[in-house]
Each structure stands twice: as C-alpha cells, then as structure tokens.
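Structure, as structure tokens:
In order of appearance the chains are A, B, C and D, and numbering begins at 1 in each one.
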Amino acid sequence: MISFENDYVAGAHPQVLKRLMETNLESLSGYGSDPYSESAKAKIRKACQCPDAEIEFLAGGTQTNLVVISSVLRDWEGVIAAKTGHINVHEAGAIEYTGHKVLALPHKEGKIEPEALKNYLESFYADETYPHMVFPGMVYISHPTEYGTLYSLKELTQLSEICRSYHIPLYMDGARLGYGLMSNGTDVTLPDVARLCDIFYIGGTKVGALCGEALVFTSGNMPQNFITSIKKRGALLAKGRLCGVQFDALFSDDLYFEIGRHAISTSEELKNIFHRKGIPFYLESPTNQQFVILTGSQMEVLKRQVRFSFWEKLDNEHTVVRFATSWSTTEDDLEYLEKILSFESARS
Amino acid sequence: MISFENDYVAGAHPQVLKRLMETNLESLSGYGSDPYSESAKAKIRKACQCPDAEIEFLAGGTQTNLVVISSVLRDWEGVIAAKTGHINVHEAGAIEYTGHKVLALPHKEGKIEPEALKNYLESFYADETYPHMVFPGMVYISHPTEYGTLYSLKELTQLSEICRSYHIPLYMDGARLGYGLMSNGTDVTLPDVARLCDIFYIGGTKVGALCGEALVFTSGNMPQNFITSIKKRGALLAKGRLCGVQFDALFSDDLYFEIGRHAISTSEELKNIFHRKGIPFYLESPTNQQFVILTGSQMEVLKRQVRFSFWEKLDNEHTVVRFATSWSTTEDDLEYLEKILSFESARS
Amino acid sequence: MISFENDYVAGAHPQVLKRLMETNLESLSGYGSDPYSESAKAKIRKACQCPDAEIEFLAGGTQTNLVVISSVLRDWEGVIAAKTGHINVHEAGAIEYTGHKVLALPHKEGKIEPEALKNYLESFYADETYPHMVFPGMVYISHPTEYGTLYSLKELTQLSEICRSYHIPLYMDGARLGYGLMSNGTDVTLPDVARLCDIFYIGGTKVGALCGEALVFTSGNMPQNFITSIKKRGALLAKGRLCGVQFDALFSDDLYFEIGRHAISTSEELKNIFHRKGIPFYLESPTNQQFVILTGSQMEVLKRQVRFSFWEKLDNEHTVVRFATSWSTTEDDLEYLEKILSFESARS
Amino acid sequence: MISFENDYVAGAHPQVLKRLMETNLESLSGYGSDPYSESAKAKIRKACQCPDAEIEFLAGGTQTNLVVISSVLRDWEGVIAAKTGHINVHEAGAIEYTGHKVLALPHKEGKIEPEALKNYLESFYADETYPHMVFPGMVYISHPTEYGTLYSLKELTQLSEICRSYHIPLYMDGARLGYGLMSNGTDVTLPDVARLCDIFYIGGTKVGALCGEALVFTSGNMPQNFITSIKKRGALLAKGRLCGVQFDALFSDDLYFEIGRHAISTSEELKNIFHRKGIPFYLESPTNQQFVILTGSQMEVLKRQVRFSFWEKLDNEHTVVRFATSWSTTEDDLEYLEKILSFESARS
C-alpha cells in the first residue's frame, strides 16, 4: 500500500545510510565527540553563515524541544507558543513534565502573529499581579508550522525584534525546516533563520535521517554544562556518531536541500491532483503537508488503498486529513494516488 | 486607610484567635494527629453530611491545589480548568511544576460550561492521535470563581455527571466557599458540594483563619500514603494544631457560615453604594467580590483613600477593579466608602 | 502526660501570641509586604550584623529547604549533605521532587567534616567522567544537627572557605538555630553564621512560633523573582503577616535568644537527671536534644508516663530515644521525669 | 589507534546494519507499530520463554532507566540501588529529575547483597518515622554490574524473593546483558532473568546495535498508557523501526548471544595477556570489562597507543582503568595490545 501518512514512513535517504555503512567499523569516541559529529557541525555552521554557532545532536523532536526549553528557561518562566504548537498539543505534556508552563497564544493557520505576541507581553507587565504569574521567558515557533504554513521574512523579523526588545530568546522548531526552506515563494533562508532566531533545530528525522535533530545556538547562548543537562534528560546518545554521520551526509553535496526540493515538487504535484479531482483544501499550504477535506464515504474508499493521516473532524459529514510527501515520495506514488482518486470519484 | 483590597486583609476572626489562645500551652502531637484536628474533621464531616469523608489540613490555596492535583493525577494526565482558573493564571505555574499540564477551556464569567466540557472530552477521544496528547484526568472548578460567580445546582450536577461518566474526579477549589454558600439565591449547599464533587477544599485563609484550608476527599479516594505526599511537597505543618484548632473553631457554633453571611450582606450594601453612585459593574457577582469599572481619574482619586485591587485594563480610559468584603468589613468601612465616592463624584 | 517528644509540642511563646492578638484587626497588605514583616527583617538584619541581608519568611523547614535548594541550584547541580541530614532522610524526597539529587557524604555525629568535603570536591573534578555526574552545587549543613551536635567556629570557617574556593554556596538549616546559638560553650554567634554562610534560615517553628522560618541571603544572592519561585512551590502565605508579626516579636527584647537559653538550661538539667539515674547517653549533645539508650523494659514503663521520640534500634535489647526541651519545658516537667525515672529504676 | 575504551566504539554489528539496509525503503507506520518491531518482540518473548511479556524499545540506557523507574514508582516511593549503580552515579541525576530519590545501599563489587536488602527493608518499616521518609518502591540492579560482576542464580533468586515478599518490583538494567549471559561459569539464563525480575531491559547499544534497548515487563505489569508516558519523556522514536529492525536482527540466528560469546572469549584472552604481563587486576570480572591497575608511567606510555577508560584513582601512584571488549574486538587488537604491553614492560 502506498503511503502519504507522514514524512517519516521510510528509513534514511540512501546517501545517509551509505555513510553509516562506510564508517561503521571505525572506532570512535562516544557522546558526540567523534570526528563526524565535528565535521557535521562545521558544515552546518557554514550553511547557516553563523561561524560561532554551537551545535548538539539529539535523537528526536519532542526530546529536543524539552531539552532546550527546560535548560534555557529560568525557574519563574514559561514558553509562549501558538495554541496549535506541537509542544502545546502533541508532546504528551513533555514541557510541563520539566516544570514549565506553555503559555498558549491564539494562532493564525498555526502561526503566532507578531501583533498578538506584542500585546501579550505588554499586557503581562501591565498587570500588577504578574509576580504571581508565569513570566514569558521564550517564544516557540514551528517553521513550517503544524499546518504546513510558513512565516514570511517580515513576520520572522518582527517576532525577532519583539523577542529581543524583551530579552527573551526566539526558538524555532525546525522539524521540517528542510521543506520550509525549499518551499516555492518563501523568502526565508537558513542564514535568515540563524540570524533572527536565538535557538533553532534543523530536523533530520522528517528530512531523510533515521533519527536526529541538529540543535543550534546562534550566539554563544548554549547553556553551561549542556552535555550534563542532555544526559540528565536521558537524551545523550552513547553512539553520538549515529547522528554525526547522518548530519555530515545531509550537509554534504547539498543533500538536505535536495531532499527538501524533491518533497516540495512532489507536494506541488499532489496539490494539482487534488485540484483536478475537486477535493477541497482545508487551507493553503506551501510545504510538504497538504490538508484536504474528505467526505465520510471518500475516506472509507481511500483508506483501503492509501495511507494518510486523520487531522480533525470538520463536521458530521467531513473530515480534515493530511497527505505528506518526503524524499521517498515517488512519481509512481502520485500516479497511483491519481488513479485511486479517479476511481473513487467515479464511485462516489 | 480602609481596605477592600481583598478578603484576607485582617488576621483571624476573633473567635478563631481566642481558641488558639486557650489551647496554646497544651502539649500536642504534631503533623495533624492532635485532638483538635480530629474534632475539626468530625465537625466538617457532619456539616458535609458525608460521614466517610477523609480530610487533611493544608496552609494555603495554591499549596492545596498543587498537592491534590499532583497526587491524584496519573502520569499521563492533566487537569482541565477554565482559562481564567486560579491554577491557570495566578499560581505561577505551580501545577506545571509538578509535571502536569493545565488543559484550559473557554470560560463564561469564570465558569466552565457543562456543554463545553462534554465536547472537549468527546473530541479528545475522537482524535486518533490522543496517545500523543495529555489525557484529561481531573476537572478543576472554583466556586465562587475568580469573578465571584457561582455554579447553579443544575450546572454542578451536570459537571459531576460528565466527570463520573468519564471516570475522572471533579475537584472544587473552595478558597471562598463560605461566601459562595451564603450567597443570596444560591441553591448549592455544602452537602451538595460533598455529594457532587469527588474532592474539594473548604477555604480558611480567606474566610476567617490566619491560614489553612480543609481538603476533603468524599468517597474513600484519598491517595495512599497521602501524608508522605504532603511532606514531599513541603506542605506538612509540624504544628498541625495551627490548622486543627482554627477549623475546629470555624466549624463550631456555625461560625464559618456566620462569616459568610456577614461578608455577603456587606457585599450587597457595597453593590447598593456603587449603584447609587452610578459606578458601572463589570459583571453581576452574587458573592463577596464586586468588579466595577472606573475611569482613570476616578482611580487616581480613590486610590488615595481606599485600597482595592487592579483587575484588568478594559480600554485606554477604563479599568476593571475589584472590591472585596470579608468577616472584618464594618459598617464604618461602607459609610466611609460612600462618602469618598460622593466626594469623588462631586469633583469629577 | 508530660512531653519531651520534641520542641514543637506547644503552641507559640506567649509573647509571640500576644503580638498576633494586638495586631489582628489591622488591615495589612498580603504576601509579606506588610510593615511587621519589614520590621522583623530589619531586626534580623541587625541581629546578624548583616545590613544587606535579604530575607523572606516561609511556613516550615522542609518547605524552606526545598524552596531555597531548588531555586539556587542550577540544572546540572545537586546539593551535598551529610548522610544523616534532614533533607536526605526525613523530608520524604522533597529535594528530589524538585529534580535535584542529594549527594550524601559520610557524617560524624551528624556533621560533615571539612576534610571529607574537600576530598569529595577534589575527587569529583579529578574523575574524567564528571560531565555524566551530578555536579556539587551547594553544601547543606544543619546547625544544630539532627543529633543535637554543633559545628565549632573553626569547622564552620573551614567549610565556608572550601565552599568559596569552589564557588558554591554554604547553606545552613537553622531549624533549631536558637538552641545552637545559646548552647554552653559554643563559639559560634549569629553574626558568624551570617558571615560564613551564604544562605541560612532562622527556625521559628521549633523555637517559639506557631509556624515560620526566616530565610536569609547574606550577600545579594537572593534569586531573581524569588517571590514567584516561592509561589510556584505553593509556599507563599497570603497572610504574610502571620510570619512577619511572629518574627517581629521573636527579635524584640532578645526573645529568640531568651527562648534558646531556657531550653539549653532545662536540657542541661535533663542531662544531669539522666546522669544521676545512670541512663547512658548515645552521644554528647550540647543542645536541646538528648539521645539516651533505654532497655526494652525501661521503654515500656516510661512510655506510659512521658512522651519522647524513638530514634533508632541499637540492638535487640536497646533503643536510642530522644528527649527534647524547648521554651515550654518547665521545672515541673523535669521534677516529674526524675520521679518517674526513680520509680522506674526501683522497678527494674 | 586501537580501542578498548568501551563496548560501543564501533557502529552496528554488520548483520544488524544489513537488515537496516534491506528494509530501508519500505513504508512503515511510526512509533513502534511496524511489523519489524512486532517480529522482534515475538522473538524476544520466545527467547525469554515468557509468552506474555510486554515489550517496548527505547533509544538508550539512561533513557530506559528514567522512563521505567518514573513510570512505575508511585508518588511516595524511591528506587533502591547499589551506591555504585549507574542510576546513582553516572546518569547526571536523571532519576531525581523525575522527582524520585535513589536510595543507595552499600555494594559488594557492584552488587547488592540480599542480606543487606532485607535489612534495609526491615529497618525501614521498623522506624516509626517512616511516613516522613521515601518508601522503597523498586529494586534496581545491573547485571553485569558497573564492575563487570554477575549475580549468581542463587543471589538473583534471593533478591527476587525479598522483593516479592515486599510487593516491590525487581528491575534489572541489562545494558550489557548479552555479555553477562554468555559469561563462562554463569548459571543465569535469559529465561531465569525473565522469571525472577519483574522488569528488565536487554541492552542493544552496547551489544551490537547503533542504539536501542528492549524493555521487558514480564507479568502484565506494563504501566497503563505507557506509550504516552514514553512520549512525555521525549523518548518515543518517530521511526520506531530503527529499534525494531535492529532487535529483529539481534534475535535472529542467535546473533545476540553470538555477539556475547565473542566478547567474552576476547575478554578471556585479554585477561590472559594482562596476567602474562604481570598487570594486577582491581577485581575479578567474568564479563567483557576488565579492571586493571596501572602506574602513572604505564598509563602515560599506553595512552599514546591504545584507548581505554579511566575508572578511579587508587592512590597517588596507581590508577584503576577499564579495558572493554565487544563484538568488534579483533584478534589483531589483542595481538597489538600484547605487543604494546611488552614494549611498555621493557621500558618500565
């Protein structure tokens, strides 16, 4: 059965796996002190145009979020996020488990609006009872968001300016950053991200790695003894090479961006197919996740032949579902999907 | 300067303090095992018409909330509360500090609507991704709410039924319960609270004690080794008598309810004064907290002669402020306030 | 029945209670911003000869320990304590509940030996794997210790020097500080404590208050937004006056020290009684707690007429028990005890 | 440079990596619901002779320890471990970060003695103050221990009986279980482990996998909603196949045990080399880790040609170091080491 269920249905991009094979028998130091991890960091610094960036590799996205948020926040602080942010919805309370509140803001298609952020911060300090409240200590954004949408360079610049005026870090969850950066029409580059965010991570798990995220501190702001804080959260891989080698491969020969381009071009084709078949979109997504609205009977038929994700009930008759592309999506997958949808149209 | 700042501006009700004096030199066991604590528990059980209730005394409201919520919730659960609930706003993230998320629902004048609760619970289990989310494991309500409003017996019954159908406890924060129970027109009695809630606390700090809240488990549901869990949170008083003697006094000779009645009747007079002076109300509160809207110049003048609380900015010209009555509010206080407001009207 | 069970069997010292009475009806601001709290802080600063000390009042000892330790330690740090330290044994894991390890050192009669501390710190940094271990981030001592013993000025000076050379704070749990300071033969004064410790608390609960401990930061080292951190742990009393008024009384007219002197002199009489009766001591304690060894039959007889505390089983035949004096111990109590012991000797 | 630094210096065993290659392009469900994870679980159940075992895969050892300990312990409980246990020393306080104390017992070459455990439990409940203390809620043992030593079947049986008589689970950290099971002379089999422990994990990271541990609950005792608890700790891999495929390979064709046998036989050769060269042993280890004592000058010379681990300073002149073998240790490595040691002997 073909799958558009998510962007992590396959293993690693073949070039990534090839490097794991080639380096497998080398005796290397543990915990990220191996030469491949060093090399990967150097390549990421270069790609970010951020020569002083400090980088650590972690195994997964929720883990990265909880490690960074709990290590950076001070005791009296929480993290601002869109109500729909991954940390507020789909991480099983991982941030709260570290003792910090997620301060949820209204969202617009998954994004925090700069104006809303500014108002929140102003209102907080205008409220005389604020010492009894959780201080805003960081702003979390995802880019692309959980709805596949992207911040414009202007929006990102505004968020960054607001954060800096309040001396709180802007943190970007880049689980799907590769897809966001290669989206048609985006005006945000990786160096922009590194310049405007104080902390961000470059997602590997959803962009061609078996596992792994590259966490980047852009301005000498990596917490002291950070390795110990990672260990304390059970997040320090003994074989740090596993991430190091993979990211070294992803940032060689433009591979990370190549993966992004492929997923975006297949996603554009996917959009065309849905348009041609008259399947309505829930929102306009410029990245590798497409949200469409299906009727109950459409869902029933489709489910038997292709995997996709439930998103939310729209009403009694309709459901929002997600189709995702990735480096592993093929022309065959798309052709097959179009065929199924034709058949399905015929039947319905 | 007279004060309507809150309902804990004075010390203890004189009858409470008198009992502390009378018992002061007795040698008593610590940690709540003294006879006054036992006697207070028996009187509370009787007042609740709940002979099997298990009761412990704690020093303050935020402390009680964090102890009970973190002891009762299971690892994968969070607590549902109105967005305006005390635990969601004014406890500095105390619940999250114990590792649990507050799941915020929209509110209506501080209350959770039964329909909204039901929808939330249904939607949660209808979402296929729910194992990645925080399970709803308890419902927190405050009664009176942070806005001085009250649940009707019908609403409370509905909330209770919904909770029981999902096998999650209904927990009532009764920081100001005494004022709620004595409100004109309420149809909710203390036995109703004990029958419909699984856990609740009877507030002392804001209802005549120096400190102290009586936490009640209504149906054999006090967590195992609860004393140890209290100690673990730094909440076990060595001189447990301090709360025991006070609650023994509060539940003797109808004192707790008498305090409530006095605050409600002075609050009704307060409302009349504001009505007479043409000060608009922010909402209709049947309890001891009144929320009125002042202009900037009104605030300036008033502030010099009477203490009250800032609540929130309404717009550039107007501010919502809170006036609270308590057992210690006197006729003189009210007369003085009316005089100031006259003067202030004359000037403005 | 007379009681030597502990030093918190009675309520408050009468002068303390008197001040609570006298100030009861005053309208005061909450959360420790009242004038009595301010006055108490000024008096404590003076008694400590530490004009810049920052002080907050908390309700109990375990609470104070967990608030200060978790607010001051950094993410990667734990707190060093004697194996017998209160935080390591009798606080139900309250420190660990805040996410920090207690690093237990061997003890000598409840005390950490400076040499042992120095070795621990040296060994820690000599171990190449230390980034995988909990960093020592604070030293906790109790004075008097859980065994009633005291640090000498020389020992305290050495501990202080070691801590400062490693840039970690020395924190003293002074639950019974008043008894330690008034002990015959001690060469440690309150200004010494304030000069050599970075943080300490002056115990009230066990030295004449209904509840309350005065937490002192000696050198501008109170954590930022500390009130919020206190609130987050459920430890902020709404009626802060409760502690403020009591400590204002304790530090007026030398009362705190007077209470200490009384308990020490009655404890010395207690020692004489045990000596005269041939009851062996478990160790030599210069403070208000005396640890003696009883046979099983002695325990049985005594238990019926006087309250004391089980400490530990020594062997099958003998048990270590504790007798404590306090401000409320009377000459009558001592005479009665001597009589019981005579009778008991006669019988055995 | 050759390396005996630890048992995770190389990547994955070639057969493990081969299976990752072969399955790489298959579209599989995430979070451990793929068929390879299912197949691996079935094979492990069979190898354990425990048909009802519930199994989940996690990425690393510290992570597995913290997930299982914090999910299984109840609020008032801590975990008993040898003072030298990995969770007590080398996990940066990960257990305490989840809010639970590690209750450290004296050890004998890394092992908990059944008698010591029994005494501890008896003393705990004999102490009248136990409600103020952390309850023992689990026993953690490592097998092999951090010193490479092993429990005998008799010892394991005794520990199991004691735990069951107190109704607390026995949990085995099997980071190096494969080496323990294949040790010459051990009388403990994998079915014994499954029968006597309530929970254990089969280490992959140190026994041939890139990462991954198989956590086994032996008697229907996996915590409810365990996937959510794993997610809450950031430990749920999106590509669960990464562990599933690897463990499926490790438990095919006896590979896991083959890896163990190889490491044990090379370790025996290693011991012979040290014996022949007159290098003294720190203790007798029957597994893949050998602890020997080097002089300062020996260390200096050796360090330049072979990697090994610092263990601890023995005295000013001598250091305990560790040499570890694994599946990747070759005859060439051993020959080379012997040559170096000869040279080194010649020089010294």
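Note that a contact is a pair of C-beta atoms (placed from the backbone, for glycine too) under 8 Å apart; a residue touches a chain by one contact, two chains touch by 3 or more.
Since the model is a prediction, treat every value here as computed from it, not as a measurement.
Trainee: Comparing centres built from CA atoms, which chain ends up most distant from chain A?
Mentor: Relative to chain A, the chain with the farthest C-alpha centre is C.
Trainee: So which has more C-beta pairs touching, A-B or B-D?
Mentor: A-B
Trainee: Could you work out how far the Cα centre of chain B sits from that of chain C, in whole Å?
Mentor: 34
Trainee: Which whole number of Å gives the spacing of the CA centres of chain B and chain D?
Mentor: About 51 Å, centre to centre.
Trainee: Using Cα averages as centroids, what's the distance between chain A and chain B in whole Å?
Mentor: 42
Trainee: Enumerate the residues of chain C that touch no fewer than two other chains.
Mentor: Within chain C, residues 76, 91-93, 97, 99, 131-133, 228-229, 231-232 contact more than one other chain.
Trainee: Which stretch or stretches of chain A touch chain C in the complex?
Mentor: Touching chain C from chain A are residues 70-71, 74-76, 99, 131-133, 135, 223-225, 227-229, 231-232.
Trainee: Which positions of chain B touch chain C when the two form their complex?
Mentor: 1-3, 5-6, 8-12, 14, 17, 20-21, 23-30, 59-67, 91-94, 97, 205-206, 210-211, 228-229, 231-239, 241-242, 307, 328
Trainee: Sort out for me which residues of chain C touch chain D in the complex.
Mentor: Per the stated touch rule, the residues are 76, 78, 89-93, 96-102, 104, 123, 126-129, 131-134, 310, 312-313.
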